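You will see two complexes here that share subunit A, one where it goes with subunit B and one where it goes with subunit C.
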Partner chain A sequence: MAQIIASGVAMGCIYALVGLAFILIYNASGGLNFAQGEFVMLGAFAFFTATTIQLPYWAAVVVSVSVIGGLGWLFQKFLFYPLKDRSFLYFVIVTIGFSIFARNLALIVWGPNPLKVPPLTSVDVVSLGGVAMSPENIAIICVTACLLLLQYLLFFHTDLGRKLRATAQNAQTAQLMGIYPRRMIGITFIMSGAIAGFAGVLLAPIFLIDTDMGGAVLLKSFIAVVIGGFGSIPGVVIGGIGIGLIEILTAVYVSSVYKDAICIAILIVFLIAFPRGLLGEAVKERG
Partner chain B sequence: MRKLLLPLALIALVAFPFVAQSEYLLRLVNIGIIYAILAVSLNFVMGAAGQISLGHAGFFGIGAYTAAILTSGGSGQLFWPVFLLSGVTAGIAGLIIGVPALRLKGHYLAFGTLGFGEIIRIVLYNWREVTRGTDGIGRIPSPELFGFEFDTDQKYYFLCIAALMMALWLSHRTQASKYGRGFAALRDAELAAGTTGVNVTRLKILAFVVSSIIAGCAGSLYSHLVGFISPDTFTFEVTAQVLSMVLIGGIGTTFGPVLGAVFIIGLPEVLRVSKEYYQVIYGAGVAFAVLFMPQGLLGLLRRKTATQVPSIADGGAEDEISITDPAIERLRSPELATEAGRRDRVMLGIKDLTCRFGGLVAIGDLSMEVRAGTIHALIGPNGAGKSTLINLVSGVYARPAGTMTFDGQAVEENTSWKLADLGIARTFQNLRSFSSLTVMDNVLVGCRSAKPAGWSAVMLDTAASKNEEADLRATAEAALRFVGLWKVRDVPVSALPHEQQRLVEIARALAMRPKMVLLDEPAAGMNPTEVERLITYIEKMKAIGITVLIVEHNMPFVMRVADRITVLSFGKKIADDVPAAIRAHPDVISAYLGKRGVAKEVQNAVA
Partner chain C sequence: MASQAHAQAKPKITIGAVLPLTGVLAPYGKPNLEAITLAIDEVNKAGGIDGRELELVVEDTQASNTTAINALNKVLQSKPVAVIGPGLGTQILALQPLTEKAKVTLIGGATTPGVTQQGAKYYFRNSSNDAFDKKFVAKFIIDDLKKTKVGIIHVMAEWGYQGRDYLSKDLKEIGNLTPVAVASYQPTDKDMTAQVTAMTSAGADAVFVQGYPIDESLTLKKFNQLGSNATYLASASTCKAFLRDLVTASELVGKYCQAPDILPTLNERPGVKKFVADYKQKTGFPPDMYIAQDYDAVKMLVEIMKEKGVDRDAIRDGFKSKSYEGILGNYKADAEGTLWHNRVMMRFDADGKVTVVARQ
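So, the complex of A and B:
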């Protein structure tokens, strides 16, 4: 039982990270990035390539996370920025276009067969206070905790963080205060890309890497975002871990066939009954 | 030249299947037409009514499976009733989605409908007893009519084209009618649509249901064309594809979605490359098309002309109607015309009204009366609760506690369009025009006919529907002439300067034939000449018996027009009297200037 919960939490951390990457962009710019899952997938593929060219493990992590962060910046410059003043639907469809593009490009580059990266350590199981956990799951939980702590420090204890928050709340006023919103949004996209890339790196050892892995993760992250309350960072962490647990408990105790259906049913219940989620802001139109 | 275009296009459409020799090409065209129907249906809910759906693959799937399950292995004659039934089942799903969707807006609605589409897909995969899961359903017969079988792609083509024509005609008729104006109002400014009398709930559900019926029928056509279906066909990819057709073709236009379908289906055939490379190019192509064609394909083809705004330098005085003009009766509520003598009754009565936002009491235990046929002003410092009161009276906010009477009747209704039907019209502090419509259409949204034509009459454009439209236009003309805007009737409202957009809102309110008009800071941002003009319009409203309630900060203006003034401070009424008495009221002075305020300064401020 404890093992099940531990792996549920680990998977939930991944959903939370991807949801976080999604929310960062949403808060900063109002854009919904339907290609967030492809950033995860590309992160995993980049990590695979980095390990096959015999880079040390830590260097492979650094390289793949930076590459995906850079991709986030390019994404902002060429796909988001030209559409920033249009209905959010246009950006949605562009990100869907990008995700089709990225998935099939990955298919051409890395081939259709699922790939594997070497495990994190040679140890299979680590016993932690009587709970046996795989080192990968421990890594996921620790890295997520560290990334969240870094986020918190960045946003609430640095000057850059204050500028980022100001831009997210009102880009126009921020601009009047001498902040360059475009740079702030660029930084946000880099952060978002790096976090999603990191999620891909963390998933690589426990998942088979294939071109469809992004979509599966993204759907759960959407649910995490809605459960937590659109735009709330603590909310998406709770939502992500919650959906990770629900998923694994359903798979173990009810039926693995319907675990996706149950997750989506939860999404719909939340949307209809509690559209503000657990920690979300009020949904209202100002008069 | 243009006259020749239509017959030529028709000939080309009819001749195409006889010229095209390859079965492959015909199949592709048929699939393309079905997708075009799907795009038209998505455009109906998204382009016209502004409601996002990312679940159209679900409606398509429901239609396709209804047809497949009921006709598999059966006779081709079954096609016709089942075609309609497919529309009905998808329509019911649209109703089920539409009702909860009323609570969701923007990206929440996007996620909700996305979840719906996924649920349908999962059900199709796993409800094996009915859908046969991944095995799919085969042996779906070709449609048959009096022994004629639509068994080749060449014959099927005509069926598809007929269905597309019907979908286009439905969409076109809707956009050109009062329903289209209602949808546009809902899309541009939902709050203002409600207070202008548009039944927002009904229109949203209507949009979802009609759209899903069309999508369901497209699903049925698809099943009978390909003969075998499996859940793989009804994934999010389909929704994404259809969405890109709508956006690339031109959202909100009648023919845009069809052009988009041609583009998306035709693109890979032109490129003729291997499957993986095709997908790469398709993904990039969609992104580029959206990035570089902001108005869609149709926008590229359309000629661009600058908007000419006719000048109305004299304030439109030459077209203005006076209150003796018989057309003015079109703006006067029939009930006011008969009871005009009884000016002193209470038009709006409020008792013990309270409204809280979290811990903040915006309005606390407020009671006040507005007498019929008077100009009543509501003043008070910022944050006094004036706009909140207007929002409560017009149904923008639900009234939590307290009672309200209107023209002698207790008011139970809480929705803005029901209050609008009772005779309460309003304007907004921040402009809420229906920005994509012309001035005339903005005002037409407010017009109601005594004999409204039903949905089917409007779709068929019957005499009753034509009469209604003429009646509505006459009312709109009177309203526009009332405020001197008749000259600019065909200009897009967003091209007008600020003052005139405010007057359009007033005309829109008058077109509803209201008993009472609520004006929320009508003079804000106006120069003295414009305020003078506004005063004459307000006095004209009073002259034809309309009760006016004004919220305003411009004191000289208030003192001039108001018959009576109510002063609010922190949600409480501190004074209610004639202007002269308010000017000298000690509580009012201290509310505006603080406890140490000197009466003399107030005199200066209001003079």
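So, the complex of A and C:
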């Protein structure tokens, strides 16, 4: 049982990380970025390239995360900003288009065969009280915890965080207070891209890299966001870990055939009965 | 000079190819296309067929049956003499009605038994039939490994479902065994903890996995990570994964892989050695058995056209009756249209060696 819970938590942390990248953009711009999974995928491919040119492991991580963070900024500049005054639907359609473009671009650049990166350590398995976990899974849990702590410190204990929150709550009022909303939104897209890139780096050694790897996590991450409540950072963590656990417990104790159907059913139930999710304060405040 | 001009004036012979070249199924099409073009280039270099060059018309099926149908419709407009199709049962099932209607031979390596049970007269499988493969696996598990508690993990696709059903049926018929556990997963699933745990909880002493290269690799890694003591056997996808470095030799120690033939990289037949070298030079990576079989399919088609001409029905009749010696071995159609009838079980050993432990 402990093994099952540990695996569920590790997967849940991935959903939480991608969900976090998702809601950062939602909070800052009100847009839903359905290409978030492809940012994860491109992060993994960037990490592969960085390791093949013999960069040290840590440098490969930094380069990959930076590249995808930069891609986030470009995404904001060329795809989000021109559409910012139009219906949110335009941006959603563009993100879906970008996801198809990114997958096929990756196919051309890196080829159709799945790729592998070196493992995080030479140790295959770490046993903790009878629970066998890969070092990568442990890293996912630790990195998620660290990133959440950093997010908290950034948003609530720095001047930049206050500006970001002000922009998220009301961009026009923030501008009247001397904040540059466009700059803040740009920073948010960079952060969102970097987090998704980090998720790709973490997933690369355990998922194997292919053009579909982002799609595998996007849907569950979106469910995590809905469960947690759109805009809520603690909510997405609860939602992510919750969906990770539901998924694995269903697969073990009900049937692996129904696990995705049950996750989708939960999404529908939340959308109908609990549209604000578990901790949807941000949505309420925006109301 | 005049004869060269005369040869150039001769109309080309069009061969169609509909394969997944983009999207998630691209690993099952793009590498095969390289082998097909390699074969066609060789034939053209050697003068073509009676001085007529071969021309390949290629369309992308992507990961969708609808796209596959559109791709085939486009290819059929070029009036091909035959079409090389994907090694994916679900796409072959979608394409068959069109090739039957157009009366054009479709050749594809889908081992899924159902594709040759539709009564298609113009479809030929240039690989083995998984119904016989699974009988071979069941026999190996029962007679050679002496296992009695078999678990099955499979992908939720036609290939996985039919593999599960045939293996379950054969275990029952040969050893009166019922699988102690059956677990499945979506092709996009990445965490196999639940599936491997289900096998351990049921006390399986042997586990057979039938999926695609990525998910079989992830299952193998999880199997090792969770320290399962059961004997691990898997479909040819694990061999593909090994050739693509998705799993290492050390991860595979003591594991078994069932395939239509041994890894081409280990095959000592001169034709295979040359093909492996040429393919590696062209693409940078080694071919698997299915890729070599697509190369053989083109060469068999060429031999048939040399003997019987380029009429579509003559080509169909040629595939029905011809016994062809390809680089991998002999191809001869059975009543269902399966051309390849060999299968092997390989074991990966500690020193990186791969041993064929059973052959049929």
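Throughout what follows, the second predicted complex is superposed on the first by the 279 of 287 C-alpha atoms of A that agree within 3 Å, B and C clash if a C-alpha of one lies under 4 Å from a C-alpha of the other, contacts with A are read in each partner's own complex, and residues count from 1 in each chain.
Following the convention adopted for this analysis, a residue touches a chain if its C-beta (ideal position, glycine included) is under 8 Å from a C-beta of that chain, and two chains touch if they have at least 3 such contacts.
None of the values given here were measured: they were computed from a predicted structure.
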item: Subunit A as common anchor, with subunit B and subunit C clashing or fitting; value: fit
item: Contacts of A:Arg86 with subunit B and subunit C, given as first, second, both or neither; value: first
item: Which superposed partner A:Val94 touches (first subunit B, second subunit C, both, neither); value: first
item: Which superposed partner A:Val257 touches (first subunit B, second subunit C, both, neither); value: both
item: Partner chain(s) touched by A:Val237 [first = subunit B, second = subunit C, both, neither]; value: neither
item: Touched partner set for A:Ala224, first subunit B, second subunit C, both or neither; value: neither
item: Which superposed partner A:Ile190 touches (first subunit B, second subunit C, both, neither); value: neither
item: Vertex subunit A, arms to subunit B and subunit C (CA centres, degrees, nearest 10); value: 100
item: First (subunit B), second (subunit C), both or neither touched by A:Leu271; value: first
item: Partner chain(s) touched by A:Asn104 [first = subunit B, second = subunit C, both, neither]; value: both
item: After superposition on chain A, the shortest CA separation from subunit B to subunit C (Å); value: 5
item: Common interface residues of subunit A - those touching subunit B in one complex and subunit C in the other; value: 103-104, 107, 257, 260
item: Of subunit A, residues touching subunit C in the complex; value: 3-4, 7, 10-11, 103-104, 107, 111-114, 116, 124-125, 132-134, 203, 206-208, 210-213, 215-216, 248, 251-252, 256-257, 259-260
item: Subunit A contact footprint on subunit C (complex, rising order); value: 21-24, 26-27, 29-31, 156, 183-186, 188-191, 193-195, 197-198, 213-214, 217-218, 221, 224-227, 244-246, 285
item: Residue numbers on subunit A that touch subunit B, as the complex places them; value: 26, 32, 79, 82-83, 86, 88-90, 92-94, 96-105, 107-108, 219, 222, 226, 230, 257-258, 260-261, 264-265, 267-268, 271-272, 275, 283, 285, 287
item: Touch list for subunit B against partner subunit A, complex; value: 46, 52, 100, 103-108, 110-112, 114-116, 118-119, 122-123, 126, 190-191, 237, 240, 243-244, 247, 251, 276-277, 279-280, 282-287, 290-291, 294, 387, 391, 396, 428-430
